[in-house]
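Here the chain labels run A, B, C and D in written order, and each chain numbers its own residues starting at 1.
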């Protein structure tokens, strides 16, 4: 029983279909999701994957085609947005252009019928929280992008919602500001203790800020997990490719079990755990992050490998190594960059615990 | 939303209030252009407190069309058609019967021969306004002719050609053509009407403009030197600024008309309209009208109040031997022939 | 933006009811009744008899003459042709005057551009009658043109250039009335024109004339067609210019219709001509829609 | 020691600037002449004899003109708000209603009065009122004006609605507004400039309309343009110029107001 109270949001078998008949589009298919209280939860996926749809369903802007939606254990499917203790930070902020900063932030409190002093006190408090108190008399069009973002945040925080929804709130900011805001948002979430549901297509954002991430593609949830587990153990090729850079190498299973062995098409052999579902001589795909592969300069290898493309990145280098017409991506740490150049012959090493067999 | 609603109802209220407040003493008069002297209106307003609003039309046909289109209520309280159009309008049910015309205090001033006129034998619909003739006038200084023939108007010489203007109304022009050709008004003979049409088409080559309004202005600017005209209105032009403006009395005759005040169907301000009818039968008031518009009238006693210049008005004095032929209400066949002729000329 | 739990379709019907009612009763209703009147028998004294009669339409081509014989009557065909020729001429002249101006305006810096385009719109919002009336003062006998001619000794005091009451006067009036309607759509499509295309054309050896012909005109064609229709359609039905500047002698379709409801009192014929004019306009609009959809396809493929 | 700059951008065409000057001359010289001649002291419009305000003074003592102006105002002040109200509701439904059946039809319907030639609308309305025997005086004219003012009111309102971020309403809903207060506190205030400019256009169009009014108006419903028409028919006097100039000034002031309003809101 205690467990259920800790679940801020439960998404149960939620399906959303737009339109009817032939022209209908399924934006979300049988989504299941539980977001814990006090959690910074991120919905990550490419544009058009359904993550924003899910957010809008939670906010109440769209009606659910099928499924259930619970907020702290209470059914909210039939509540209009103004009856849900959930607030949203819109992608382009949607600040009311005819109201000044103070009135924008106070808007929700006024609609809730709070008394004057409370409105004033709360509004000023959140404005201070986002460091916008001296701008309270300005109109939104007199603010910079970053300032507008803060106001949008303040506006959504002011009514003290149980859950805050953020729809790509950082996408309109430039890189420097974006990076600074990540930290601020995270801090803010921790300080307020409000559950954040954050939508983004930027995997770096997701990895740096989130407690947990749900990766969504084509209307389906691909994987839910903590950032490092998603990074290290992607559930499928989509997740592997979408988050970070990945080598998906084709090969044939030589031995199964904890000490399994796979022979890659490039000629390399990798020892890794191969689940017993796979049989010997089955074709399989191996996942390994580019920075995990070890590389040495050598011309005496059995397997003829050479650097086909060397790209200098400043803090690292990106190599493309070709062996047996197979391309393997490798990220080279900064201290080793100087040792390599284009067309060098090399040998590769695949450490055992970093390679995984991966599903389609 | 509430504010909009309030504003809207405010507007409606204003409309209603204003229209009803005016209705207390308002008279909508629909008259020929340049035919209602300010002096007369001011006097009527001062005496009765009734506000007179004037709209104008340019021909009997336009008036008839407007009354027809209104289907029984034009919003006008009085109009001023010529004798034969009164007949048509009565027949078409476009006029309101006015009770007690004969009991109006000033009715006694109307000359005996104009009481119970042929177009309104029981005097149930109309009271006299003015009478005069339609023909043509010319600037004597620029024209070598003397206006002794109607053909000078229909077959103009080189001086006039291109500087000629004609009424924009069929009945008067067609009747003038009948006079010129020696045929009868309201002819049902296609051959006669064909001759009328040919004459008017030939005339059209020299016509600069068809218009029944602003005639004196057009003559004064020199835009035209000959214009279809009315006797009184040409006299007004002569008084005002054109000494040489001469109204022609051709030997074939001029087209006579007798305008009356009538009440269109659905008139709302009946009391006011009757007040105006009675007002205008007063000799002194009728004299004001005649002094300004320079037409003759049906109130003999008004002679006493006529100005001197009215007595010397040459353009309205019909020379001996020039017939004044009054227009008649034509039957449907004749009327449709007239319309056909006119339509073909206007094409 | 559908929000759950709200009675959407009921609100749509409720919201659009005033529109449907007002336009339906007071716009479509009159047009239907007019269509009905156009097939009735005329009353000589105005109005109609409620009897089916196609004479209104027949009369456009064939009419009984004074002898009650049916004959081909070219008069209305001439009026229709005159309306057409004048409307087409007015459209072409407006295009020639308006296009370079629209182009020049579209290339100005934003603040200048806004003011200039505002200056183009002002005459459109002012009274058409008054604007046409202004030309009487200019073209009329002893008006601005004639008095300046005689001032420079080009014209004798008593002579006249006879500018008023001519087709020429009507044409000027029409062009003047509807010129802003030509400029505005052309301007908006010129504004969208990418100047890099002109640079590319120039780079590929086009002269200025060729740039206009091969690049600017094809790309702004929707604006040109739109503007032309906005000028052509009202010219076809014009009433004020032929009435005031044509001296009532040169009827156009618009003044012909008005004539039937005033002096001539032939409602069915007037209604028939109005139906004819209306169907011409519909044809023009349909052709326009066709061309536009084609042009949209073109844009998509680029 | 500057080199004469002969460079010309490919998008500059020689002669277009001069042509544009001629274009504006053509547009404004007639209006200018009209206004100038309204100050002519001569009683004949075309002959200039001296500067005078007498015709303007005369206007103020011409009861018929004042009555016509009053009628014009009453008609516009009633028809324009009605047209604006209908246009506003319709625009809200058409722009915000999503894809519904009859949407195309409704937006076509709203522009119908623009498509039909004015003279056709005029005679059709005349026949309509005559056949049905509806004779309510000014109200007939007001109805006719309301109909053809709708599309003019609709255009700026629709533009304002389309330019408005639909998320603003959602944001309001999100911040505990019900549908009505979201409309009242967000949509309506943001739409007000658009509604106001729609109203102004409708107002100007109503005051300026001539042909339809000429055909529909009966006794006591004469509007200023119809009155001017009868004056023009009577002859070209400086008094016509004076009243025309006033009407022009009125329209220009209104349209300028509309322009500034639009500029401010965008």
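What we mean here is this: a contact is a pair of C-beta atoms (placed from the backbone, for glycine too) under 8 Å apart; a residue touches a chain by one contact, two chains touch by 3 or more.
Because the structure is a prediction, the values reported are computed rather than measured.
Counting hops only between chains that touch, chain A reaches chain B in a minimum of 2. Every chain gets a centre from its CA atoms, and the centre nearest the mean of all protein CA atoms is that of D. Taking each chain's centre as the mean of its C-alpha atoms, the one that lies farthest from the centre of chain D is A.
Here the spacing of chain A and chain D, counted between their Cα centres, is 54 Å.
Centre-to-centre separation between chain B and chain C, using Cα means, comes to 36 Å.
The distance from the centre of chain C to the centre of chain D, each centre being the mean of the chain's C-alpha atoms, comes to 18 Å.
Across the assembly, chain A contributes 60-61, 80-81 as residues in contact with two or more other chains. For chain C, residues touching at least two other chains, in rising order: 1-3, 6, 47, 140-142, 261.
Residue positions of chain D with contacts to 2 or more other chains are 46, 85, 126-127, 130-131, 170, 173, 179, 215, 236.
Within the complex formed with chain C, the chain D residues making contact are 10-17, 19-20, 22-24, 26-31, 33-34, 37, 45-47, 85-86, 89-90, 92-94, 96-98, 100, 102, 106, 109-110, 112-113, 115-128, 130-132, 143-144, 146-147, 150, 166, 169-170, 173, 179, 201, 204-205, 208, 210-211, 215, 225, 228-229, 232, 236, 240-241, 244, 247-248, 251-252, 254-256, 259, 263. Listed in rising order, the residues of chain D touching chain A in the complex are 165, 167-168, 170-179, 181-182, 185-186, 189-190. For chain A in complex with chain D, the touching residues are 59-61, 80-82, 86-88, 90-92, 94-98, 107-108, 111-112, 155-156, 159. On the side of chain C, the complex with chain B involves touching residues 43-47, 63-68, 75-76, 78-79, 140-142, 158, 160, 162, 164-165, 247-249, 251, 259, 261-266.
The touching residues of chain C, when paired with chain D in their complex, are 1-3, 6, 8-9, 11-12, 15-16, 18-20, 22-24, 26-31, 33-34, 37, 47, 97-98, 100-101, 103-105, 107, 114, 116, 118-123, 125-131, 133-138, 140-144, 147, 176, 179-180, 195, 198-199, 201-202, 208, 211-212, 233-234, 236-240, 244, 253-254, 257-258, 261, 267, 270-271, 274, 277-278, 281, 285.
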